[in-house]
Structure formats: structure tokens, C-alpha cells
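This structure is in C-alpha cells; I'll ask about it shortly.
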Amino acid sequence: MKLWRNNLLHLAKIIILSILDALAVWSATILFTEHKYIFLSVLIIVTVIINFIYLSKKTYALRYILPGTFFMILLVVYPIIYTVYVSFTNYGTGNILTKPQVINQIENRYYLPEDTEGFSFEAYKLPDQKEYAVLLKNEEGKLYLAIEEKVTEVTEADSRFVDQDNDGKIDMIGNYEHLDRAQLFKNLSVLQNLEFSLNDNILKMKSISQFSLYRQQYKYVEAEDKIIDLKNNISYFPQEGSFTSPEGEKLMPGYRTYLGWKNYFTLFTDSRVSGPFLRVFIWTFEWAILSVLTTFVLGLFLAILLNDKTLKFRKIYRVILILPYALPAFISVLIWRGLLNTEVGVINQILNTLSLQSIPWLQSVFWSRFALVVINLWLGFPYMMLISLGSLQSISGELYEAASIDGASAWQRFKFITLPLILVSLGPLLISSFAFNFNNFNVIYLFNEGGPPIVGAQTPAGGTDILISYTYRLSFESGRGADFGLASTVSIIIFMITAVITWFNFKYTGALEEVKENV
Amino acid sequence: MYRKQDKKTKIFKHIFIWLVIAFALFPLVWTLSAALNPANTLINQKLIPQNASLTNFKYLFNNTQHPFPIWLWNSVKISFITSFIAVSMTALAAYPFSRFKFRGRRNGLFVILLIQIFPQMLAMVAIYLLFLNIQEVLPAFGLNTHPAIITIYLGGAIGVNTWLMKGYLDTIPTSLEEAAYIDGASKFQAFYRIILPLARPILAVLFVLQFIATYSEYILASIILNSNQKYTLAVGLHLFISDMYSNRWGVFSAAALLGALPIVILFMLVQKYIVHGLIGGAVKG
Amino acid sequence: MKKFVVFLLVLTMLFSFNALVAASEEGKLLIWADENRIKVLDTVKDEFEEEYGITVEIQEKAFGDIRDNMAVEAPSGEGPDIIVGAHDWLGNLVSNGLISPIDLGDKKDDFYPVAIDAFSWGEDVYAVPYAIESVGLIYNKDIIPDPPKNFAAFETIVSNVTNEEKEMYGFIMPQPDPYHTFPFMSAAGGYVFGTEDGKLNPNDVGLNNEGAVLGLKKLDSLYEEGSVPFVDYQTMESLFTNGQVGMMLTGPWALPALSEAGINYGFTQLPHIEGQPPKPFVGVQGFMISAFSKNKILAQTFLNEFIANKETMTALYENGSRPPVYLPSAEEAADNPDVAGVLKSASDGVPMPSIPEMASVWEAWSDALELVLTQKQDVKPALDNAVAQINKAIEASQ
């Protein structure tokens, strides 16, 4: 802790900052040459902010927060913004490409005119250049030479043809050298895009052994923003993300486009959303509360037991009890699903050997919910145990000693010392755990896909569906499949609901933030 | 806890723990049984399978198409690096929230928590597009690279963990840093030399939490990583069960159990840091 | 801190070296396939690389991920050149503009017409098909020597063989599973989408018509009297493999595991209902070319010359037990009784609808099956409600 070490730290800071700046400048040149101006401006702004924060004294606290915040903005906030953007579009099945991509794809559609011809061909290439010549022969044996963007009829006696080994095959055309089959393959990526025009038709490669005459079917007219079908002479105008003819016929594929508030409107007016809403909302609440309560109570209790230094085998116990958390949740849920299989699952078999009735774990609403809470308890208690164990370390042993001297019982010590202190640091985690379970799509979906179904339901919202699982289902397993626009809208609305609940939670347990500083 | 416990309470404690252990191990025992069963089914099996064998485990290590050991190593590597950086960033971020007075302190903390609870259904698409662009500038962080997936996981580094860390730091008395300032330490040195060592238990907890979260993540890894050699364990495991008509439960169970080993080992290594906190002994409030 | 910085620097350097990116690159083919196809493709790949000096890279993806990841990755130019998939993805992939038509040339006549039809959309064909599949009746010859031809005989056998105490079952099928249940509902006239001008009409759903109700009622009577347990696919397969089941309803994908387990099985058509043959969904699988491939002609050549030949097609069949649709391979395979059984079943089947609206159907239908077969609701109201849900979902998307 001598003064010179401060200078060293300062030096390290400057060096790191300069490396970052150098990297930024280097990236900026690449972005500039690639015309990515949006990214470029973001990069510049970010770099300036970083420099400011680390050089200005006023922003001292931010220096600590910045690294984590940087990644959070890049990888969490940016996707949120993207989600908001998507919620105003029709992005989804049938409309996933951008408009230029769609125009490009449609313009590249050709049809074979009635008088089309097939040509066998030989390709030639200038050495060391991507310049090609193609010698074509039609079915009648007429020869055409496509070279330097022009096609002309030629005869075998053309002066440019060279047959070096006199085998009847032309080995060179001017300086262009013949490509054998292997070379042809290497050059395919360019050859396949060569287009020549011949008698109003387009001469294009059809397959590895053939060229053919084509005609372009569609043409985009930028001034009028429409696509004309040149073959049938119909105009298609943009309408909600598809080029549509006056008769209502749509050209596939459609493209992504701005829809305004349409997705929000759909979500709020669709009876399929509002119908089961209340039922699902109540269960979502119950589910989230039960999940947090059961896991926390068990986790905390175990943590207190295992924190006792006089308890034998506590090390082994801790390791075993962390095990459920060591398996990825999607695996554990599948395993539980197998164990709870109504007909042949292990659990029902055990019940049967005890002469008890089988329980319809997956078919009854009550038992499905019950099983889910138990599974989630299994999945979640080690987490609660871990964080409780960590937080318990901050409670001074002297507090307990003092309490013991005053004659407090174990329960009193827990109630008046452990719990309040633990809640100071864990309260926010419990609230966020509530929010997490409120949207715990994975467990619900993997266990029973939201089932069992409910008789007479207006929409396939099952007995264990929570808000997010049944609304996502509306956007992914309904209509024409994946509707990312609607799904984004769902995300945003559900986020708002969760945010409000979280805010209330904070407000009513609000003392949390104030009880602090040196307990 | 500082009084002598009577025997009854002790026995009761052990019985209770044993009950929870039975609950925790119950599905795992059946998973093990499936892993030892060469017949590859999860249901309708006996606890000790007939002709139990290690076939499924051998398959994992002798299969070039599904290089399980590589997946395991990838996951351990990615999770370790991610956790290391993420815990550093969390510790840094939590410190000023606990110690410094600055504008937006309260709201900042709340916003960090709120942002992390946004249902990220579309993150997959957005992040894919982001890395497509990053790839052009920094190929080392492009698609199908481990640096890319590590970077992605770092996005979730500060969130609820910052609260956990802050809550812990709040209980460490400021008098310690004040003493260090008098000795000529800078603010950062006081943090780095005095506070961090005291926060070791919570750092260890954060490391384990982050490690496990990273280790089991599937969706983002599956979209960013594209080749057998780069897959993480979770993505690889998913391959085993994705084809509903050719499920290989035995292999899957064996892989899941072996996959849990690194986490168990990690926990065994760090648990002494978690429970042997310095607070309460060395430091007085 | 210093250590940390050094650590980071080393890390960055280490990683910069392995920045290999796999994407559709010019002059290189990238294929996405699931694990069943990979073995065969690997050998074909070597031949192709040797003959033309073009690199072929094959990436293993979970079957369902192939379709889903296409939507994200293909438009960015990072996707594959060729994918392996099922014909019912066609509506999704084509309406998203993700795949291009294929020019089969003269080879078109070398395939079963039904396979070509399944992969046709408008005037174009979108895949080199290689296999066909449909469900049928798989029976254990040691328990049931003579499989039933009609539903009455079927019922008798089921109730004779089923013995809950001995854990023996006459018949099992996966539930709730619309795909597997469809043949019962279609036999007497049920359908998913009606046809109009040769196209499927998403506004005409026939899952609650008389035929569908009748078929499901017949099936339900077996569940109601407790002769058939309500189990999922996994359970069905393990029970059958254990020799506890007389007959099960599923497709050729289940067969390799059965031979492995030494079960003496047969594959035949499902029993007729009211004299009508059951019409299972027919699925066709094939190789498609990405619309964003930079090597379309190369991909086309690879498919026409290295996939659409007898050797590869036979190898694909032998690795997956689904009947080949490439005629020269199919003729050879037809001697196999399994293949003959699947083909017989498929010959009365209908192609699984490939229009994107099919997405609205599965969930509602599956819910109805569960409610009916677990005896919570009668057949008619359950199917009526399912169709109402489906119609609503389709309307909302139009």
C-alpha cells in the first residue's frame, strides 16, 4: 500500500484504456470501409463514454459498474430493444426476409420461354483472372461463343480456336484456356452467375452440363414500388408485407414490415387471450409464490443445519444436496416426467406395491400442478441453500452468543436474528426468483406442455399453463406457425406485468433497502 | 448453536437431512439405473437392471460422431472463464452500490434487476444478428466460436447477483477501509486488498452459481455453436434426445450423470471458502 | 489485477487462433443433417471431395433444429447449402423464401410420383426425396400369429390378449398423438384439410365430421373398457420391446430397435373400419437446397449425381429402415416384408399437409384426444371444440 503502487495502477489503467482505444480505431476503419455507419456511430459513442468515465473524477463510481454494464447493454438491453422493434412488425412465418431480399429473390425467378433451347457447353478461362468464355452448342449443332458479355454465332473454323493436340476438341480460345471437369467445379460459383443475352432471352447455366435460355419473370419498378409479372402482365403492390395483386393473390415469400400497434391490438382484443386469462393468471401467481416459498424454506433450513460446525458429515451432506442443481434443468424435468408416468412410471409402481392407487400425474390438473411444485422444489432448493449458506457467513457469531446468554430459544434466535438479517441480503433475490418463476416457461413446458387440457377450452390452454406458456403457444403453435411479432408483443406485455409486480414487491418489503450499513 | 445440543435434536437433524437427501437422490438413482441398462429405456425398468453394464458409458468415450469428452471439456472451459470474468465484474459493480454515494444509485440497482427479468424469447435472433456483425470486425468473436458464447454469457453477469454481493458487502464495516485510507491506500486498493478477501464466501457462492448457470445453458449455445467439435455439453445432450423416435435414454442418462461431475468437483473445491467466512471471527462489527 | 490482465490477454490470443467459421462459402458445400443421415453422407462426401476437389462439410443438427435454425441463419448468408428434412416443412420453408426449386432433370421419373408430389409446391419440386414413411400395425408374431384385417377382429384380439395383472397388452399406441391416431379417424372419412382446386383449403377442417367421430369412437371404446393403456411413445416402445405387447401402432423408425431386441415382428396395414382402409399420414424425406446458397449448381450436381443414385439411396435405406422412393433402390428393397408393409400402408395414405396452417392443428387436436381417451369428454363435443379452436386460430392468421 505504498504510494508508488498507486502510480502503477494508474499506469495499468492508461495502458488498458489505450489498448481498447486502439482496438476501437481499428474496428472503426473496418466498419467505415464496410459502410456500417450505425455500428460505427455506436462504437464511437461507446468509446467516448468509456474514456470519459475512466478519465473523469466525477464518474468514479461508474468505473466499477461499467464493465458489467457494458456487457449487459450489449447482450441484454440490445435484445430487448430488438424485441420492442420486432413487436411492431409482422416478423414470422412467411415474413422473415427483408424487402430487398424478397425483391432480389423474386427478380431472380426465371421461366423457360416456349422457344427455349438447351446448350451443351465447354468453359474457358483467362489464366489468373476471373474472366470466362463459354462455347455453346445447341441441339442442332450450331455453335455460339459467349465471351466478354457478348454472344455471337461462330463456326468451328473461327480463328481464335486452338486445338493443340488435334483431338477435335478446342483447347484454347484466344488466351482463354479450357477448363476440365474438376476445374469447372472450382469455378462454378462464378460460372453459375454468368448471364448473357441472346434474342431477348437470358442465357444462363442450368446445370453442370447445360446452359439454357430463360426469361425473367418479375421486374421490380422502384418508382412505383411494385413488381410486374412480365409473363402474365400483372402488377403486384406491397400490402402488409407481401406483394399482392389487385385480385388479392400474394407473391411468396413475404417480407418483414412495420405493422404499427397491430400486434398489441390483436393481443388485447383476441378472445383466445382474454378467455382463459384470469384462470391462468391466478395459477401463475400461485405457482410463482409456491415455488419461491417451498424452495426458500427448505433451502434456508438446510443451510442453517449445514452451517452448524458441530454437525457431523456436513461436508458430504452439502455435496449430495447440491446434486439436483448440478444437472441441467431440462434433463432433470425429463427424468421426472418419466418417473411420474401414470401407467409405468416408477412412482406409481411404488404406490401400487404399497397397495395404493395410481395417481394420474400428467392427466389431472391438481396432480400435475402438485408434481410441478415438487419438481421445482427439487430443482430449486439447492440454489436457495447455496445463497443462504453464503449469506449466513455475514452474520456475526457474537450476535447468537449474546442472544443465547439472554436465554433466547433456537426458534427465537432464528426469528429475531437469522431471518431478518438473511432477508436483508436475500430479499431482492427472492423477489427476482418470484419474477423468474412467474415466467418459468421451460419447466412448465417440458413437464407436460401446459397440460392436461381443459374440457371446452376456447384455446389450447391447459391446466398447468402459465401466462407466458399459453401466450407463447398462441404465437408459435397457432395460425401459420412462428409469429415472432406477436411473441415479442407477448414478451413486452408480460414483462410489464412482471415489472409492476416486482415494483410492488419492493415497495411493500421496501424497508429492505434502508436497513443497511454495518449491522 | 453455542449451547450444547441434546442428542435428540442432533438425531432429528440427521434424520431430516437424510430425508431431503433421499428426495434429492431419488431421480438420480433411477437415472443411474438407466445409464447402466444397456436396453436404453427410462421407463418400466428395475432399480438394478438385468445385465447391467457400462456399455452406455463406453459409447460416450468411443464415439467419433459424438465426441462427448470434447463437449465436456468445452463446457468446463467456457463455464470457468465465464464465471471468473463474471464474478470479477459483479464484485466490481456491487462495491460502489454498497459504499459510494452517487446519483441514480437506488434506481440503478433496481433497473439492473428489472432488465434481467425481461422474458428473452427473441434474444436468440437478436444476438445472432449482433454476432454476425461482430464477426466481420473481430473474427475471433464470430459465430461458432467459444469467445462469442462467453461474451454472450457475460451479458447476464450483473443482475440479481449484484444484489447478493451488495447485500453481503453491506455487512462489512466501513471502518476497515477507513483505516486503510489512513495508511495511504487508494479507494481501489482498499476494495481489492481489504474488502474482496473478506467477501470470499459470497464470491465462492457467486462463482458456483454462475458456473452452473453457464454450464446448463442450451438455447444460445445451440444457435451460436455449429459444429460437433465446438458444442457444449448441454447442446450435445440435446442431440441425444431430440429425435423423438430414436431416443437413447441410456446414453443420455450416462452423459447427464458424467456431466454433473465437474460441478460436484467444483463445489467440493470451493465449499470450504463458502462456509469458512472470515466474518464473525476475524472482524468485529 | 495484473495477473488478471495477463490472463485476459493470453485468453484473447488463444481464441483468435481457432476462429473458424462455417457458412455457405463459395466453392464449398455445407450440409445440415441429423444423426441418422450422417453416416451415409460421410462416405458420399469423401467420394465427392475426391472426384471434384470440393470441400463438403456436414454439420449434425437435431432434426427439428434444422428447420428452426434455417429461419434465423439462412437469410444472413451463414446457413447451409443443403438440408435434410421432411416434406411437411415445405409450406414453412417456401413461404419464408428459404429454399429453392430443384431441377431433377431426367431423374424425376426415377422416383415414386407420390414422393415428387409431396415435395412439389406450385409448379416446382423442392427436394431430392429419398424415403417414405407411414404408420402401420407392428405385431409380435409370437403373440399374434395372424394380424386382424378388420376392426371387429382387432377388438377381439385386443381384449383376449390384454391382461393387466400379467402386464400384457393386446394393443398400444402413443397418446395423445394426432399423428398416430389419424388413420383411425380418416378410415371412414375424416380429414384435416379439404381440397379445393387441387390445393388444401385451410378453411375446411374435417376432423369432426361423421367419419372422424365414428373412427375415434371405435378407438375410444377400447380405452374406455380399459383394454388399451394411455401411454406415450417411449412407454409403448419399451413395453413392446419387452414382449409385453401384441400389437402397436407406429412407423418403420421403430423397427431397428425391435430387431436388435430380437422380437419376432411383422409390419402390416391397420385393420379396416367399416370396410374402409385406414389412411395414415404419409411423410416423405428429402434433400433441399437453401435459397441463400452461393453454390446452387454445385449443390444440385451433388444431389443429382451423388445422392440420387442407387448406391447412396440403398445405403440411406439400410441405415434408417424407411422405404426408399428411388425406384431402382425401391425395387430391390421391396423383397423385404417390412418395406412391403410400409408401402402397403402408405399406398392408402394421404400426404401430411404441408401448408403452414398445419401449425394451428396439432395442439387443439392433441388436447381433444387426451380428453376423449382419458374419458373426460365425449368424442363429438371434444372434436367439435378442437375444430372450433383450429378455425379460430387460422382465422386470426388470415
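For reference, chains read A, B and C in written order, and residue numbers begin at 1 within each chain.
In the analysis below, a contact is a pair of C-beta atoms (placed from the backbone, for glycine too) under 8 Å apart; a residue touches a chain by one contact, two chains touch by 3 or more.
Just so we're clear, the structure is a prediction, and the values are computed from it rather than from any experiment.
Q: If we define chain centres by averaging CA atoms, which chain lands farthest from chain B? Would you check?
A: Farthest chain from chain B, going by C-alpha centroids: C.
Q: Of every pair of chains, which is linked by the largest number of C-beta contacts?
A: Counting C-beta pairs in contact for each chain pair, the top pair is A-B.
Q: Of all the chains, which has the CA centre nearest the overall CA centre?
A: A
Q: Can you work out the whole-Å distance between the CA centroids of chain A and chain B?
A: A distance of 21 Å separates the two centres.
Q: How many angstrom lie between the CA centroids of chain A and chain C, rounded to a whole number?
A: About 26 Å, centre to centre.
Q: Round to the nearest whole Å and give the separation of the Cα centres of chain B and chain C.
A: About 37 Å separates the centre of chain B from that of chain C.
Q: Using the touch definition from the top, which residues of chain C touch two or more other chains?
A: Residues 1, 234-235, 238-239 of chain C each touch two or more of the other chains.
Q: Can you list the residues of chain B that touch 2 or more other chains?
A: 42-45, 88, 125, 129, 238, 249
Q: Give me the residue numbers in chain A that touch at least two other chains, ranges are fine.
A: Within chain A, residues 9, 338, 341, 344 contact more than one other chain.
Q: Which bits of chain B are touching chain C when the two form their complex?
A: By the definition above, chain B touches chain C via 39-45, 65-66, 81, 85, 88, 124-125, 128-129, 132, 135, 139-147, 192, 222-223, 226-228, 238-239, 242-247, 249.
Q: Write out the stretch or stretches of chain A touching chain C in their complex.
A: 9, 12, 16, 93-98, 101-102, 105, 181-182, 185-186, 188-189, 191-192, 205-208, 252-254, 266, 270, 272, 338, 341-344, 360, 363, 451-453, 455-460, 462, 473-474, 476-483
Q: Give every residue of chain B touching chain A within the complex, in rising order.
A: 1-3, 5, 10, 13-14, 16-17, 20-21, 23-28, 30-31, 42-45, 88-90, 92-93, 95-97, 100, 102, 105-106, 108, 110, 112-123, 125-127, 129-130, 133, 136-138, 151-152, 154-160, 162-164, 166-168, 170-174, 180, 183-189, 191, 193, 201-202, 204-206, 208-209, 212, 215-216, 218, 233-234, 237-238, 241, 249, 252-253, 256, 259-260, 263-264, 267-268, 271, 274-275, 277, 279-281, 284-285
Q: Inside the complex, what are the residues of chain C that reach chain B?
A: 1, 4, 8, 11-12, 15-16, 18-23, 34-36, 38-39, 59-60, 62-65, 69, 72-73, 76, 78, 233-235, 237-239, 241-242, 251, 253-254, 257, 261
Q: If we count contacts the way the header does, which residues on chain A are in touch with chain B in the complex?
A: Answer in residue numbers: 1-3, 5-6, 9, 27, 30-31, 34, 36, 39, 60-62, 64-65, 67-69, 71-72, 74-80, 82-83, 86, 298, 302, 305-308, 310-313, 315, 317-332, 334-336, 338-339, 341, 344-346, 378, 381-383, 386-387, 389-391, 393-398, 400-401, 404, 410, 413, 421, 424-426, 428-429, 431-432, 435-436, 439, 441, 468, 472, 484, 487-488, 490-491, 494-495, 498-499, 502, 506, 513, 516-519.
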